[in-house]
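Below, chain A partners chain B and then partners chain C, in two separate complexes.
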Partner chain A sequence: MTQMRYREALNAALREELARDERVVLMGEDIGVFGGAFKVTDGLLEEFGERRVRDTPISENTIVGVGVGAAMTGLRPVVELMTINFALLAFDQIVNHAAHIHYMFGGQARVPLVVRMPQGAGHQLGPTHSHCLEALFLHVPGLLVAVPATAADAKGLLKSAIRDENPVIFIEHESLYGVRGEVPDDDEYLVGFGQARVAREGSDVTLVGISRMALTAERAAETLAAEHGVQAEVIDPRTLRPLDLDTILASVRKTNHCVIVEEGWPHGGVGANLAALIGEQAFDHLDAPVQRVTGADVPMPYSKPLEDLAYPHAPQIVAAVLATLNRSSTSAATAGGA
Partner chain B sequence: MGEIVMPRLSDTMEEGTILRWLKADGEQVARGEELIEIETDKATMIYESDQAGALQIVADAGATLAVGEVIARVGVTAGDSDEGPASGGPASERARAQTPVASSTLERVAASQEQPNGADAAAGERIKASPLARRIAGESGIDLRGLTGSGPGGRIVKADVLAPAADSPSAAAPGAARAEAAAAPARAGAAPQPGTDAQSATTAKGETTTVELSRTQQTIARRMAESKATIPEFTLLIDVDMEECVRLRVELKQISRSDTDKAPTYNDMVVKAAALALREHPTANGSYRDGRLQLHSRVNVGVAVAAENALVVPTVFDADEKSLGEIARETHTLADRVRAGTITPPELGGGTFTVSNLGMYGVRSFTAIINPPQAGILSVGALSPRAVVREGQVAARNTLTLTLACDHRILYGAEAAEFLARIRELLERPSALTL
Partner chain C sequence: MPSPSPEPPAQSLPEPERAREWLETMTLIRRFEERAGEMYARAKVGGFLHLSIGEEATIVGSARALRDDDYLISTYRSHGHALVRGTPPENVMAELFGRVDGCSGGRGGSMHMFDLARRFMGGYGIVGGNLPIAAGIALASDYKDSDEVTLCTFGDGASNQGTFGETLNIAALWKLPVVFMVTNNQFGMGTALRRHSAVTDLQRKGESLGVPGMRCDGMDVLDTHAVLAEAVRHVREERQPVLVEAITYRFRGHSMADPEQYRTKEEVASWRERDPLPAFAELLVREGVIEESERERIDEQAIARVDAAVEFADASPFPSPESLYDDVYVLDREVQGWYSVATTDGAADESSGAARDGAQRAVNDEIPQQLTDALAAGEEGRETPGLDRPDTAANAGGADR
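Presenting the complex of A and B:
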């Protein structure tokens, strides 16, 4: 085990896979000479050369399109988009091509492409740079969606993503790049897709945290245990598609209460979808409606105090859990309100 | 103050007679406490209070009321009535202590759903309860109407369903108490209360005593008249050679360990044979209802048992799937329970066909009356050695006469004959019954 930052874990995963398989190539804006906008690709140009690590113009649809073509013709490209907001420029390549080519050609062509990008608020980057859009990608059949919250998962999931035969949307979080965690040294350390992580065991309520919210939910769980005697079970799904629904349902059947925490918008969100699945498959085990704590239903504000109000923090999760358990009447369940 | 109405204690119950109150007027009753003895069309049952408070009796013992009519009120005394339902406790205090603060989505939703719940919810109104609470209540036989919800907007949650079981020292868990009530002494076919209803008058016939029919007897009277008045009935008779059955029974008697393991009776063999034949002839196992033929997936054979002043027909469920030994043990137990008056309505319902036997009185053959809506009834006469002609020779053979009465609206002659012939075939080769 080595203590390393989330960004270093990603860097290690890329380095190991570049070394392991010569078909792996990296493309993206400022990933070479500059080492990446968030320094995830730092040092890789020097180590693997210009043919393997390529800087591109500001041209997201083209970057992904080149990645799709390269993947179809035998390479295993990992392309970086500077933030998830810019992925919208590449939506045609991601949805109409990367996700569907395998189906359209009856399985004759594959797109083993990884599209990496960070999301999330907290740095006063305003409404065009701060959103959490995992729900958009979850919506599309044909795409795998990973949302690692820890350094170890970042490394293990990225290595699995690169080795997968399907297009993977790999969503990192801006606020997590500097967070340290224990990461296994084994260069064959892989985290399989569709395997949730039970971050904390508990008997009273199931807390499902998406992306960074897995960590926020864990902090809320500590407060719930210390101040309210509530034992929350915290589950980090780690991948949204495939989703490890079994682990979540098993937990809900045990606790009879569920609160889903996500940073994205409430309508059509990951939590909305998951709440429907739980309602369909564990209805008779619910003692209260599935509760969601989500980002506010607004474009992300620039103002620091407003930005803080627009995405969930631990106190809001604590309040939502207590309300679900009928333990308190003062709560602000969603940051903004759905 | 909540009302207690005449409960529907069986599928066919339309009215009930109050035999006696087990609590006095004005006495405090707890939820789940035995309250009243009610005679239904089928049995006498003890009914428990589903509410707590002071009892105010509305209908006295002896009264006969339709299902749904008020028989009593339970609740706080008049002086306390301003303070609302007495079924308080920590749960409702908690609910009241919740001050709605419409500051968030959750509260707004909760506030918009705010409605009173629990004891004062009108009958028929949907009760708010979590899916889990509903499931637990359903599995435990707890009536949600008697509970106070502590969840948002008065929703009944798991804790509210489990609370009465843990809190109430006087009553056991409601589920258990209810189960006991179902198994509690229910005197089927209870004799009319001697003296109370009997009236005497002297006429040319001498002294005539008029006896009121018990409710069970009234039911029998009504259903038998209905049967004879409405069913176009025909009957088939068949003689069954019982030599092999006699041999089988002698053998089983030798094998069985006396008291605990009684050998099956000839009637048990007839029940088993009929059940197997019913499985092959679904129409004979069917019902005529509202101009339609209903076919049933289960073969449940009612076995008529004479009780004091009544005829009661307990049911052997899934008789086609039970072994001969199981049927023997079950009919034996059921008959004992009928005679002891401990049979319960669920054990008397659900039959798809009936077997009636008067053979023990030496009756050679008879035609029992069809129990509607069943398609037929099989009457079993006495087993006796009779002179029969076999291969041109007169021989003494143990013989039994079976009579099948059929409702021609659904069960026709040819099929009925095939059905009856199949029963004979099975009885004449009884190894088939042990399969």
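Presenting the complex of A and C:
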């Protein structure tokens, strides 16, 4: 085990896969000379050269499309988009092309492409650089979606993503890049898609945290144990497609209560989808409706006090859990108290 | 910076065998498209159908400038591009019919033909969507140190998409071996060139992006071939992308659902006088490459081949209901359904009854038998017996073009 930051774990994954497989090529805006907007690709240009680590023009849709075409003809491109909001410029290539080519051409072509992007609020980047949009990608059959919360998962999932034969949307979190964690040293350390991580075991309530919210949920669980005698089981799905529903359902059958925490918007969100699945498949095991704690239903504000209100924090999760356990009639807890 | 020769090389006839094959392929495409239109009118073909009648010289003249290991990538008007690469007309017609033997397994339809083995890298339904993909294919060729070239065709309308400028820029920047070919058929759907593009000299649209332009007469297969051959040579040897504008005209509507109110019959008639197919056939007769009787025989052979294609397509089965979820993902060792929701839990809640059954089906990729039975009996999902028809102006008016 080595202590490393989330960004260093990602960097290690890229370095190892570049060294392991000649077909791996990195493309993105400012990933080379600049070292990456968030320094994830720092040093890779020097180590692997311009043929394999390619600075691109600011043309998000086209660089993803270049990745699609290169993936169809034998390369394994990893495209970096500077934020998830910029991925919206590339939605045509991601949805109409990357996700559909294998199906619409009758299985003849494969698109082993990874598109990496960070998301998340907390840095006063305002309404065009701060959103959590994993639900948009979760919606699309043909895509795999990863949302690692820890350094170990960042590394293990990215290595798996690069080796996968399918297009992968790999969603990092801006607030996690500097967070340290224990990462296995093994070059073959892989985290499989569709395997949730039980971050903490508990018997009273199931807390499902998406992306960074897995860590926020863990902090809430500590408070619940220390101050309220409540043992929360915290589950980090790690990938949203595929989704390890079995692990979540098994936990819900044990705890009979569930709170889902996500930073994204409430309507049509990850939690809405997951709550429906739990309701459909474990209804009789629930002692209370599935609760959601989500980001506020607003474009992200710039001003710090407002931004803080617009995404979930541990106290809201604690409150939602207590409400659930008291069988209160509190409705979905949106950040900011909406 | 070296640039392609501004003047196309002298247009000499190719070897007689090659010339005959070009005529045969142009004729096959013409007869195929005519029959596809008939099959659409007879409700054998669904969705949208975009025909390339009038544009055969652009297809054959350009594709015959390629080697077999070069790539061709096209648009939603791509039946001819599949045929010219050698995809059997049987499989192209079966794709139009939505049958299992279609070249995309019945998944793509008219707009999404594909033949990986012949390096026909697809028809694409999104205008301009194929340009970045072409650059990616060329990147892979370049990366492998091969001298393969990618020919990327698109229409005049696509030259207004963001991907046009973005892709030409990155292709020039990275010296990618792509021939961009804008098939200027004078209309972006129903909007005339002068009404959709500020610059109507389309070959110049790449200049500011580092992509030199060339132009060919898309109604003349010899000129098209000569210019494209030079473009392909330049791209292959000089490692600089080129933009070629082929001036042509689409004789039929944008799709079968096109009342063609944006142009006059006289305009269409004047372009039909330059029909590339009889023009080339007459040239070959005049030059003594073929006899008049052989010209007729070529036509008869094309008709017979298309007859066989229709017969084949009609006999090919529809994809089975069980195949609905095939190829959403490359599964490798995983089981179908795993990528939707990874539940394989047979011991799921026993008590939720019918509601849970519905949910299980929704996430577990099972097709309810009642639905397949009802569809087979024509009880569900079909306004018109046999297929669903887009509710466009022409179709809504009952026009059966």
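Please note the rule applied: the second predicted complex is superposed on the first by the 329 of 338 C-alpha atoms of A that agree within 3 Å, B and C clash if a C-alpha of one lies under 4 Å from a C-alpha of the other, contacts with A are read in each partner's own complex, and residues count from 1 in each chain.
The rule we apply is simple: contacts are C-beta pairs under 8 Å (C-beta built on N, C-alpha and C of every residue); 3 or more make two chains touch, one makes a residue touch a chain.
All figures in this text were calculated on a predicted structure; none of them were measured in a lab.
Contact with chain B, but none with chain C, is seen for A:A323 once the two complexes are overlaid on the shared chain. By the touch criterion stated above, A:F283 is placed in contact with chain B and with chain C alike. Considering which of chain B and chain C touches more of chain A, the answer is C.
In the overlay built on the shared chain, the residue A:R110 is in contact with chain C alone; chain B does not reach it.
When both complexes are overlaid on chain A, the residue A:N166 reaches chain C alone and has no touch with chain B. In the overlay built on the shared chain, the residue A:E47 is in contact with neither chain B nor chain C. In the superposition on chain A, contact of A:D308 is made with neither chain B nor chain C.
Once the two complexes are laid over each other on the shared chain, residue contacts for A:N96 go to chain C alone; chain B is not touched.
Residues 283-285 of chain A touch chain B in one complex and chain C in the other. Residues of chain B touching chain A in their complex: 98-101, 103-107, 130-135, 150-152, 155, 157-158.
Per the touch definition, chain A reaches chain C in the complex via residues 25, 51, 54, 56-57, 59, 61-75, 77, 92-93, 96-97, 101-110, 141-142, 144, 165-166, 194, 241-246, 249, 253, 277, 280-285.
Those residues of chain A that touch chain B in the shared complex are 256, 283-288, 291, 320, 323, 326, 329-334, 337-338. Those residues of chain C lying in contact with chain A across their complex are 71, 102-108, 112, 114-116, 121-122, 124-126, 129, 131-141, 143-144, 162-163, 166-167, 169-170, 173-174, 326-330, 332, 338-345, 348-349, 351-352, 355-356, 358-360, 363.
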